[in-house]
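Remarks on the structure that follows.
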Amino acid sequence: MLLNDDRLFPADPVTRGIARRLYAGIRDLPIISPHGHTDPRWFAENKAFPDPATLFVKPDHYIFRMLYSQGVRLEQLGIARKGGKPAKSDPRAVWKLFASHWHLFRGTPTRLWFEHAVSSIFGVNERLTPANADAIYDIIAGKLDQPEFRPRALFERFNIEAISTTEGALDDLKWHDMIRASGWGGKVVTAYRPDSVVDPEFEGFAENLASLGELTGEDVFAWTGYLEAHRKRRAYFKERGATSSDHGHATARTANLSQAEAEKLFAKVAKGKASAEDADLFRGQMLTEMAKMSLDDGLVLQIHPGSFRNHNASLFAAFGRDMGADIPRQTDYVTALKPLLDAVGNEPNLTVIAFTLDETSYSRELAPLAGHYPALKLGPGWWFLDAPEAMLRFRELTTETAGFYNTVGFNDDTRAYLSIPARHDVARRCDCTYLAKLVAEHRLDEDEAAEVAHDLAYRLAKEAYKL
Amino acid sequence: MLLNDDRLFPADPVTRGIARRLYAGIRDLPIISPHGHTDPRWFAENKAFPDPATLFVKPDHYIFRMLYSQGVRLEQLGIARKGGKPAKSDPRAVWKLFASHWHLFRGTPTRLWFEHAVSSIFGVNERLTPANADAIYDIIAGKLDQPEFRPRALFERFNIEAISTTEGALDDLKWHDMIRASGWGGKVVTAYRPDSVVDPEFEGFAENLASLGELTGEDVFAWTGYLEAHRKRRAYFKERGATSSDHGHATARTANLSQAEAEKLFAKVAKGKASAEDADLFRGQMLTEMAKMSLDDGLVLQIHPGSFRNHNASLFAAFGRDMGADIPRQTDYVTALKPLLDAVGNEPNLTVIAFTLDETSYSRELAPLAGHYPALKLGPGWWFLDAPEAMLRFRELTTETAGFYNTVGFNDDTRAYLSIPARHDVARRCDCTYLAKLVAEHRLDEDEAAEVAHDLAYRLAKEAYKL
Amino acid sequence: MLLNDDRLFPADPVTRGIARRLYAGIRDLPIISPHGHTDPRWFAENKAFPDPATLFVKPDHYIFRMLYSQGVRLEQLGIARKGGKPAKSDPRAVWKLFASHWHLFRGTPTRLWFEHAVSSIFGVNERLTPANADAIYDIIAGKLDQPEFRPRALFERFNIEAISTTEGALDDLKWHDMIRASGWGGKVVTAYRPDSVVDPEFEGFAENLASLGELTGEDVFAWTGYLEAHRKRRAYFKERGATSSDHGHATARTANLSQAEAEKLFAKVAKGKASAEDADLFRGQMLTEMAKMSLDDGLVLQIHPGSFRNHNASLFAAFGRDMGADIPRQTDYVTALKPLLDAVGNEPNLTVIAFTLDETSYSRELAPLAGHYPALKLGPGWWFLDAPEAMLRFRELTTETAGFYNTVGFNDDTRAYLSIPARHDVARRCDCTYLAKLVAEHRLDEDEAAEVAHDLAYRLAKEAYKL
């Protein structure tokens, strides 16, 4: 069997017994997925997924970056060069290449997610090997066409109560409209991600700004019009269910300039004359502006800072963004967030959720900040930190200072649709493991741990994100 | 029962058995509390503590910052605004508000400390809930008036062999004098904390300097007089039992200027014309000056760096210092301490104890430094790091490089008097847990572990602090 | 017994059982020691080691830095002052001084290494104490003269398949030639360590450069001649078995200047007119130059950055380099390595191995980088991080992102010859402990764990270093 019922539980029998009981109380709770990158088109069109390689291998950063690190070229995976024709590739050949490198994923979360998905969804209960790769391909491919493996059927089977996609500020959200128009009952909401019209260094920023103006009818080259355009887009998103905005900046820098300073800065930005420092300051100012808009429209503000995007220059030139070469870097929060927190940190009705790729900030900065400011909550382990060991460290490094109730449950943050149940299951098991240790060491009573487990698996995400 | 005898011991039966045996050998050792913030007036006057809320809730940063983070206003806790009238508050109402938020402290050390205190001191053996809050309030309130719950009686019941308070350089130490004059045998000493006359950016620095001059009869606006004034105050403190000085700077920066440079710098400081950089350099210079004075008078030098004080601007404006918004920040030691260490680091008779709020420095900087320099010792986990998980990390991250004998035992560092036995008990249990793991894994023999446990619980603090 | 068969294995019986089985499968594998500092003269001359103190105490940084931190002066250990006469010291007295401080090493890896060596090599099975120090000295001293305790006999007894020493670029490698000429079959190779002719701030850099010119017949004061001289020396080292170069810079900074910029920079360096920034840039440029040479000659590039060398100024003045006062400091990799990675990071046939003294970079920077770039691999825990707890953290912090196969097995990195089997044994046991936990928690199957254990103990080092 690929999936042992006790997976991820600690070996000590007493602790494992507690973990099992805690987990039994939450394993069947619906999934709240408040932040992620699934494609709303899937739910709108409800078409069959094409083939196992396109489903599991090609869209998954965790998979193709590991293969690339060991000498597999992206072309071999059928990933297209920028501006080139769609790469031709035989999905079965990609699958077999993947299978022949499966040992690379030993000890990684990809192993857990993949085996959970193929086992629980497709009934595959053998470890992937070069020898059985063809047979497993056939099993999966044979099911993808069946109605019960279409996106909406899987949504129901996954017991998803609500899921948020993420769309850019200029997106027309037509797939979301189509989902709603369809009468299907699945709750799929969007989130407002305005990086392309907030970051002066984003590719095509000037054109993006012009599009924003067209979409909203505002004079977006003037500061007040620009802000008003954001307000309108936020309202547009909110009408399609959005309960949050999301911001992926290189740092957590925030600013709170005077009206006059902000106008002056924006004038440079709007003319394309912003220096690197101007651009950085502007991004920081916009976080605070977004927080202020949240005071009015109630959207939750998510800050996802600290990634050095597209670190591999030649890969970026050849293949474009999001090719697995985003590398975390050290991230300061204490001074960076202060302007925003000085402005709105004491607002009890605002929710700002800070994420990090830099674990060193958990105990030193983020837990002390979230354990003080009413507006600030701590997001779960993100990206490289959404794996079992890292999740345990998250709890160990934050709970003693911030408690459980200044955190917001789990985010799967994925575009790998079939991995969603697995990711939530891993998070639930890891939280039960952490709680079981507290109980076994008489630091928490089991009835309380059961309540906390439920909160971490379900309630906190639902409430923090208003889903 | 609130207190399980095995609390904080690892679940594995063999390891737990070892931990129990180690702990049995040290549980009844007297408490050495070499650094903390209890009020000497308590011991001087020996009056009854007023009520449960004033005793447990209002003075405890850990408690009110957590409540504040979840929307409780400080006014609701009876905390007075700056310059305002003493806040009116019903202590019973504060207590019930606290009880209704008790779940927030799950997984935090506050939970452990509070339950240890109410159980072992007041015989309360139920978990605090809104339903029993009144009854528990009554139990505690009913005992506070009794003689055996007065400060001195508790001191003896707590088995405190020696405790150090911390007073500012300008303090007249009258309570300490009163304790000594009373004939009571409890050993309560002071520590010299001159931040208010060392830090040019401290509120009221100029007036503080003037007061220092008046107190000492020195011309404190000249460099030599200023240093002499410190020497006199140190002697004054030492006569009242002080064995240490303590310094809470924003960074660990030290400096070792020439006589001429130091005079020139001080001239600016004394005239109130120091820039931010001057002020920082001056604080660094004074750490080295204090270390040099320690060579003469034998006081132990404690450095507590790395806190961004009063991070919440509006809270600071409304309520003043120490309102729970001190946030740790990244702290360098390798370059920062070098001037001081170059000056006095090789002195075998000097003890400089470095603390940190930044765990990343444990294995990278502090353990390697303390494992080399004869004068440097490593202080225990401080503030947010004085909790079980953090204490284990402290040992895991420092022992392999610095051993046990370049550390100095435990500091409770608290003004929450009733939590002192609990804090030392938690530290002792965590050290036994760490040692039991070494024994169970055959990395240390049990007889040696027993000796180390004793050293960590008692001897190292007593010797390092000369108590 | 000093050595328990289960040492370093987790206490939980199930997990321990798995660890035992995994370890049984690898305990007798030959040692691959791809990076270290043993003296090739030992193997060339095959003379007896002089006495226990000279063998165990005097050359071991871990030992004398700890003794120094507790007030033992280096003179007491017979360590000579710079330019002074060889220190006179009675080795037996040094040994007894060491024995009287043996408790300092509780919980440190020195304890494990020393006891493994004296027990398995000399049959000493008592814990060192002041009381038995003389007797143990006699046992060891009595054996050192015997043929089976000479360097080559120990090499064979240690089951060393290959070992690399490290020599400076100007070394004539005569001991390596002598080893080869001797007909002895032990595989002892060298590694190219050019710091003294690459770092403009190295003591004697100008003379070193001149020597490099003499050795190679190149005009090393011109950029092309300088590079050609390196190529020749690398070839010379490669003929003596070298498969790697090694670079110990203060930071991980790399650069990739244009030909013209590099020439201009080198002109300043060659004239001794380089500023601190020039020197730093030049070191960074040379890492990239070395990587480019590796593309041609196949040497593996090792980067060992992040140590503040000779931190203790007065000790450095009195005793010179390598006196235990090298202190790790925070090290950036994300921006530092980018120029080199942009130049050669996508080369699948190049191997660059990055090490760190700063654990914070493991999960944040190094695992994400090594989990993406084909050319980059992650070196094992180094220096203060080559101890059990640190080794487990290394796996916990890197595996989930980089897997096992972007790491390169173990380096003992030592000049303490007799500790080599112990160090490899500790590493093997720690890896088995980590793998056993994965198996016990159903995150990896035991047959796979056995394969990984073999890879980590043997294959990865052999293949990465081409030994």
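Order of writing sets the labels: A, B and C. Residues in every chain begin at 1.
Please note the rule applied: a residue touches a chain if its C-beta (ideal position, glycine included) is under 8 Å from a C-beta of that chain, and two chains touch if they have at least 3 such contacts.
Computed from a prediction, not measured in an experiment: that's the story for all the values here.
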| item | value |
| --- | --- |
| Cα-superposition angle relating the copies subunit B and subunit A, to nearest 5° | 120 |
| Same-residue or different-residue interface between subunit A and subunit C, half as cut-off | different |
| Interchain centroid distance [CA atoms averaged], subunit A/subunit C, Å | 40 |
| Subunit C residues counted as touching two or more neighbouring chains | 10, 12, 360 |
| Interface residues, subunit A side, partner subunit C - complex | 4, 6-12, 65-66, 68-71, 103-109, 111-112, 127, 308, 311-315, 324-325, 327-330, 357-360, 384-385, 387-390, 393 |
| In the complex, subunit A residues that touch subunit B | 12, 14-15, 332, 334-335, 338, 341-342, 345-346, 348, 360, 363-365, 367-374, 376, 395-397, 399-406, 437-438, 440-445, 448, 451-452 |
